Structures are given as C-alpha cells and as structure tokens.
Amino acid sequence: MDSKAYEKGMETLGKMVSPEILRQTVENVRKFSPDMAKMVIEFPFGSIYSRPGLDLKQRSLITISSLVTQGAEGQLDFHIHAALNAGLTPEEIVEAVMHCLPYAGFPKSLGALGVVIRVFQEREISYSQA
Amino acid sequence: MDSKAYEKGMETLGKMVSPEILRQTVENVRKFSPDMAKMVIEFPFGSIYSRPGLDLKQRSLITISSLVTQGAEGQLDFHIHAALNAGLTPEEIVEAVMHCLPYAGFPKSLGALGVVIRVFQEREISYSQA
Amino acid sequence: MDSKAYEKGMETLGKMVSPEILRQTVENVRKFSPDMAKMVIEFPFGSIYSRPGLDLKQRSLITISSLVTQGAEGQLDFHIHAALNAGLTPEEIVEAVMHCLPYAGFPKSLGALGVVIRVFQEREISYSQA
Amino acid sequence: MDSKAYEKGMETLGKMVSPEILRQTVENVRKFSPDMAKMVIEFPFGSIYSRPGLDLKQRSLITISSLVTQGAEGQLDFHIHAALNAGLTPEEIVEAVMHCLPYAGFPKSLGALGVVIRVFQEREISYSQA
Amino acid sequence: MDSKAYEKGMETLGKMVSPEILRQTVENVRKFSPDMAKMVIEFPFGSIYSRPGLDLKQRSLITISSLVTQGAEGQLDFHIHAALNAGLTPEEIVEAVMHCLPYAGFPKSLGALGVVIRVFQEREISYSQA
Amino acid sequence: MDSKAYEKGMETLGKMVSPEILRQTVENVRKFSPDMAKMVIEFPFGSIYSRPGLDLKQRSLITISSLVTQGAEGQLDFHIHAALNAGLTPEEIVEAVMHCLPYAGFPKSLGALGVVIRVFQEREISYSQA
C-alpha cells in the first residue's frame, strides 16, 4: 500500500472539509469497499490536491467547473463546502457557477446553482449580491 | 443592439488574446454569421468575462476545466493562449490539466495535454517540470 | 443593463409558460442571485428564443433534444410545459423523445420519458398512442 | 411489426431480470407509449443483447461501463440486477465500477457506487472485500 | 432479418441524402461489418425516421441538436446535408445551431458551426445573414 | 514516489501493448511532463489494471465502452491494440462497439467503428463477419 499517498490524502481532506462531512463521505464508501475508499483518498487528495503549483482556492475553482460541466450534482455539495473552507467567498463561488453558463450551458449551471443555494442555507450563509 | 456588451466584449477579448488570434477566431465566424459572432462576443466576453468578482486568471482556470471536461479540444488553444496572456504560468496551466485527471477522467486530460503541448511549442515556451 | 433584452426575455417567457411556473422558476433564482436571473432571462429568452428564423415549436424541439442528450432532467419539465404551450401536441413531444433514442442513447431517452409522463399527469393530459 | 425481434427481446429480458423487475420496468413505459416499449424491447434486447459473439456477462460489463460513464444512474439498478443474474459476482461488479475511476472520472464512479450499494442491500448481498 | 425495416430504412435514406453520400457513408460500414450497417439502416432510418408524427424537417432539427450537444462533429455533415435536402433553409440550420448556444454551450455550438460552414461551401450555398 | 505502483504500471503496460506503441504513447507525455506521465502510468495501469478481480479481457471491454461512450476517439486506438493483445478476438471487439449502439448512441459507436477499422488495417487483420 502507498501509505504515504493515503496519509497525505487524509491530511489534505482534513484541511478541506469538517470532520463530520469527511466521516459521512468517506465512511459510507469505506464500509462497503475499503479499496475504493483508499483510491478516492489517495489519488485525488493524496496525489493531486496535495501537489504544489496551485493553491486550494484555485483547485476548488477547477473542480467546481468540472463538476458543473459534467452535471455531477451529487458530488458538488462536498466541493462547495471545501471551496468555502479554502477561503473562496460565497460571491466567488456563485461567480464561478455563473462563469460556466456559456461553457457548460445554462441547464448545467442552473442545476449547480440549486446545490449552491442548498449548501449556503445549511451553513446559514446570508449571501446577498448587491 | 446591446452595443455596450459588444464593446465590453471586444475590449475584454483585446486583453485576452493577441490581435492576430482575435482576428482569426472572430473573423471566420463574423463573415459567415454576424449574429453568431455578436453573441459570442457579447455574452461570454461582454457579459461574463468582464464582470468583477473573479479575475482573468481565475476565469481562465474555470474555462479550461470546463473545456477539458467536455472534451472541447477545438476551443482549447484559444483559452491556453488567453490563460498565458492573463498571467497564468505554464506550470499552472499544466497543473490545471493534471488536476482534471480524477474529475474529467484520464482520456479528456490526456487529449487536453496534447493541445497544451502544441500551443507551448507555437509560443516557443520551453516548459520544464523540475 | 441591457433592459431591452430583459424585457424581450420576460415577454417571451410570458408566452412560453404560465405565470405560476414562471414565478416559481425565476423567483427562486432571482432571490438568490439577481445577476444570474438576469442572464437566464436575457440570453436564452431575450436574445435567442425571441429571434425570428425559427418558430417557438421548432425551438422547443431543439431545446428538448439538447436537454435529453445531456441528461438535464431537472430542466426538462419547464420545457415540456413550454412545448405544449407553444402548440406541439403530446404526440409530437413523445415522438421527439423517441427520435432521440438512437442519437442520445436509450438511457437518456428513457430518463426523459419519465419526466414527460410526470408533466402529462400534472396537466391531466390523457395521452394515448393508438 | 418485427414480432421476431420483440419475442427475442422478451426472451432475453426474461433471462436478465426477475419477472417482477421486468414488469415494473416495461409496464410503466408500455402503458404510456406502447411504441417506445416496443423499441426498447426490440432493439437493445431483441437485436443486441441476444446476438452471439459476447456472452451476457461480457455484455453486462459493457453496459455498466457505458451507464457509469454517462452518469445514467437511473438506469443502473436494472443493469446491476441483470449483471448479478448473468453470473457476475458482486466482487466483479464493484471491480468494474472501480475500473471506471480513471476513464469516467471519480464523480461518475462514486455516483454509480451509491447505486451498487443500494441494489446489494435490496438483495441482501453481504459483499465484503477482503 | 427484419427485411421490412431495412427496406424502409434504405427508402428513407434515399429521401434524405444523395446517392453519392449514401454510398460513401453506408458502403464503408457495410464492407467492414454488414451487421453494423444493417442496424444503422434499420433502427434510426427504418424504425425512427420513417415514423409518422414528425416530418423530416422536424426530425432534422432534433438530430442536429442532439449531435451539437454531444459534440459529434464527425456525424454532423451527413445531417446538415439531410436537413438541406429535407427543405430546411440555410438560415434555419444556422439558427438551430445558434439556438443551441445556451443549451449545449458555446464551445459545442462553435464547433458545429465550423461543420456547417464547410458543408455550405461544398454545396456552394452563398448563405448571407442580412 | 510510489515506485511500486510505477513499476507495476510499467509491467502491466508491457503486457498490454508493444514496446513501440508504449514508447510512442508514454514518451511524448514524459518528455513534456514527467509528473503527468508518472500519474498516467501509476494510477490506471499500476493501481487499476493490475488488480485481481477482473482479467485483462474484461478490463479491455470496460475501457472500450467508456471511451466509446465519452467519444474519446483519440485514446481508442491504444485500447484496441491492448484488447487484441489481451486476447479479445476482432469479432468480440466489433461486437463490443455494436453493443454500445443503444447505450452510447449511434454517433459515438459509428465514430468508434472508424477507429477500429483503422487499427485493424494497420495490423492487417482481415476481419470478416460471416
């Protein structure tokens, strides 16, 4: 086992989301398939997110854009939480979804906005564009 | 006509790519369909790219991620040029494509890397990861 | 602000869906992000749908096909309503979804059919292929 | 009507899923649109699945990979059932979803894994990777 | 063999494209895999395109939108030819591609426009939006 | 560095394609970005393809289906070569592409068939469906 990538992955995940969200997300997968959990932790978080070259805020923008573009709404809430924790402002996150309108198309951006609205409500973020 | 969005779009495009690339890209479309050219200039560049809230470097990362994810290699070279002109380093651009590996999948990221290699060669960028 | 595109967008939307559906759809977005609502109203409806060259029935067929193909089920009910209001018959709408079988693939068409069934039930359309 | 393809389709479907799942899946479509039901039975099952050249286990792997890749979670449970009935082991099915990680991307594979977990629970399969 | 669907398919194809394009498209596939050619002729053209309920012009719009949305540029020229032969005007075809801008996204629509420009040149259509 | 995954990846790749194709594919990426090459070798080939649970023939079918479904024609030739080397017959490979017709849609399958035809010609495989 590549224990170093796993450790780096858990460490990076620890910076990205709260222990509770981490537990919910990872535990569900780990109980069912420890190998799948290992891969999810090691590759995107241990090998990619933990690299230098781009900071967590930049990486969050890239991930959000990819998820919006492929319509992966089920994985988007995790990464909205991560983006807020990385220091992107609510305004920047909404702006990123808006930026996707001409590239990913309106249906994908509108679907993603629904997830953003829900996560902001959960975190009681009183976002107001003015 | 929304002449203001058009002007803002041309102004933003002027900051993003060289006059030559702009002419090549826009002229081809404009000669065939002035309405299509107008929309392409007004909406993504006049209404989206020119908004405050995210800077050009952040917007480039989001666009590149969306293009990689949808496999839109034909539009990618324009935006690699724009990303370099906005001040993203070659290292950051390659890193962004690499970041897409787990999200967009390896085939899309590898296809995109081919475009990056070609654009760097055209611009004689001696990129070297060390 | 491009108030003309906005007005044309609202006018076109007024022809496409009932005031109730319009309010539900737009209000939710507008309360959260007036800018996003503005773009959604101005570009697809003020700049595209309101153009001459294709009538509302033709535009509905194109939109439905694009939504089926990208699996955007969350946006499909709005456009099934709009298609019916534009004068496409229930038979034509089902036929359009069926036409997508070889192009978008069976999974996407079957998913879309589920939305069509639900909207027809809501509108108490007793569709019967005979 | 191509009654032979229809019969072959129903026969193949009878080997793939239980009468109950078949009834649920097909009846819903047939009541609404007999033509759509006929096409769904005839083409994928009467013309494709019933061909020689690949066995049902191989065909299940190909279908699952396509559904994972296009994010068609709504059609995935039917084909997880079919894969188990064709004789693929639970381990092979999870392995297939895992194999999609680098090709379809992590978000699609993780979404698919959620469907696998649910179907295994419904069938009281105590899957355990060891 | 469902010889009726095959005959209807060939008949429909005969109305859609010139004998030369038909020969080029079908022969290539038929020489390599007669079964694949048979399916391509029977299902989309014998079973779908030849159905009543929508005319060839409506079906062309739906097909074009699906191809634009999935970025299937390689299949688009055949269907631009078919659309012109079905009686859609060059203006309507360009308008259909333009209509896809907000739904399929700008990169897909721009890619499709390139194919339209090429086919119009081949057919010496002097399209001019005025 | 996870040298074990790298070694396993190179070993697995050595079984999948000829030294010449391996060199062409990997060298191009490695010269430009050693890190990207490392990831491409380690994750799909060192961590996924080299796992037990599915054999190389099954894995080839899954990969081909994913590539067909996402229209990744640029990566498909490598995996047609790998499928043949793993022992899938030309008939099984064509059958796999045909199986994708209803799932990935006809345009994607037809595009993929073009790549299969080209690779079979390069390898002078006189495939003949009889």
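We call the chains A, B, C, D, E and F, going by the order they appear; numbering starts again at 1 in every chain.
To be clear about the criterion, a residue touches a chain if its C-beta (ideal position, glycine included) is under 8 Å from a C-beta of that chain, and two chains touch if they have at least 3 such contacts.
On a predicted model such as this, the values are computed, not experimentally measured, just so you know.
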| item | value |
| --- | --- |
| Intersection of contact partners for chain D and chain F | A, B, C, E |
| For chain B and chain F, chains touching each | A, C, D, E |
| Chain separated most widely from chain D, comparing mean CA positions | B |
| Chain separated most widely from chain F, comparing mean CA positions | C |
| Which of C-F and A-D has more C-beta pairs touching across its chains | A-D |
| Between chain A and chain C, centroid-to-centroid distance (C-alpha), Å | 30 |
| Between chain A and chain E, centroid-to-centroid distance (C-alpha), Å | 40 |
| CA centroid of chain C to CA centroid of chain E, Å | 23 |
| Where chain B touches two or more other chains at once, by residue number | 35, 39, 43-44, 51, 66-67, 70-71, 98, 101-108 |
| Interfacial residue positions of chain A with respect to chain D in the complex | 28-29, 32-36, 39-40, 43-44, 66-67, 70-72, 74-75 |
| Residues of chain A touching chain C in the complex | 71, 94, 97-98, 101, 105-111, 113-114, 117, 127, 129 |
| Sites on chain D touched by chain B in the complex | 101-108 |
| Residues of chain A touching chain B in the complex | 43-44, 48-49, 51, 53-54, 58-59, 61-70, 91-92, 95-96, 98-104 |
| Chain F - residues contacting chain A, complex | 2, 4-5, 35, 39, 43, 47, 51 |
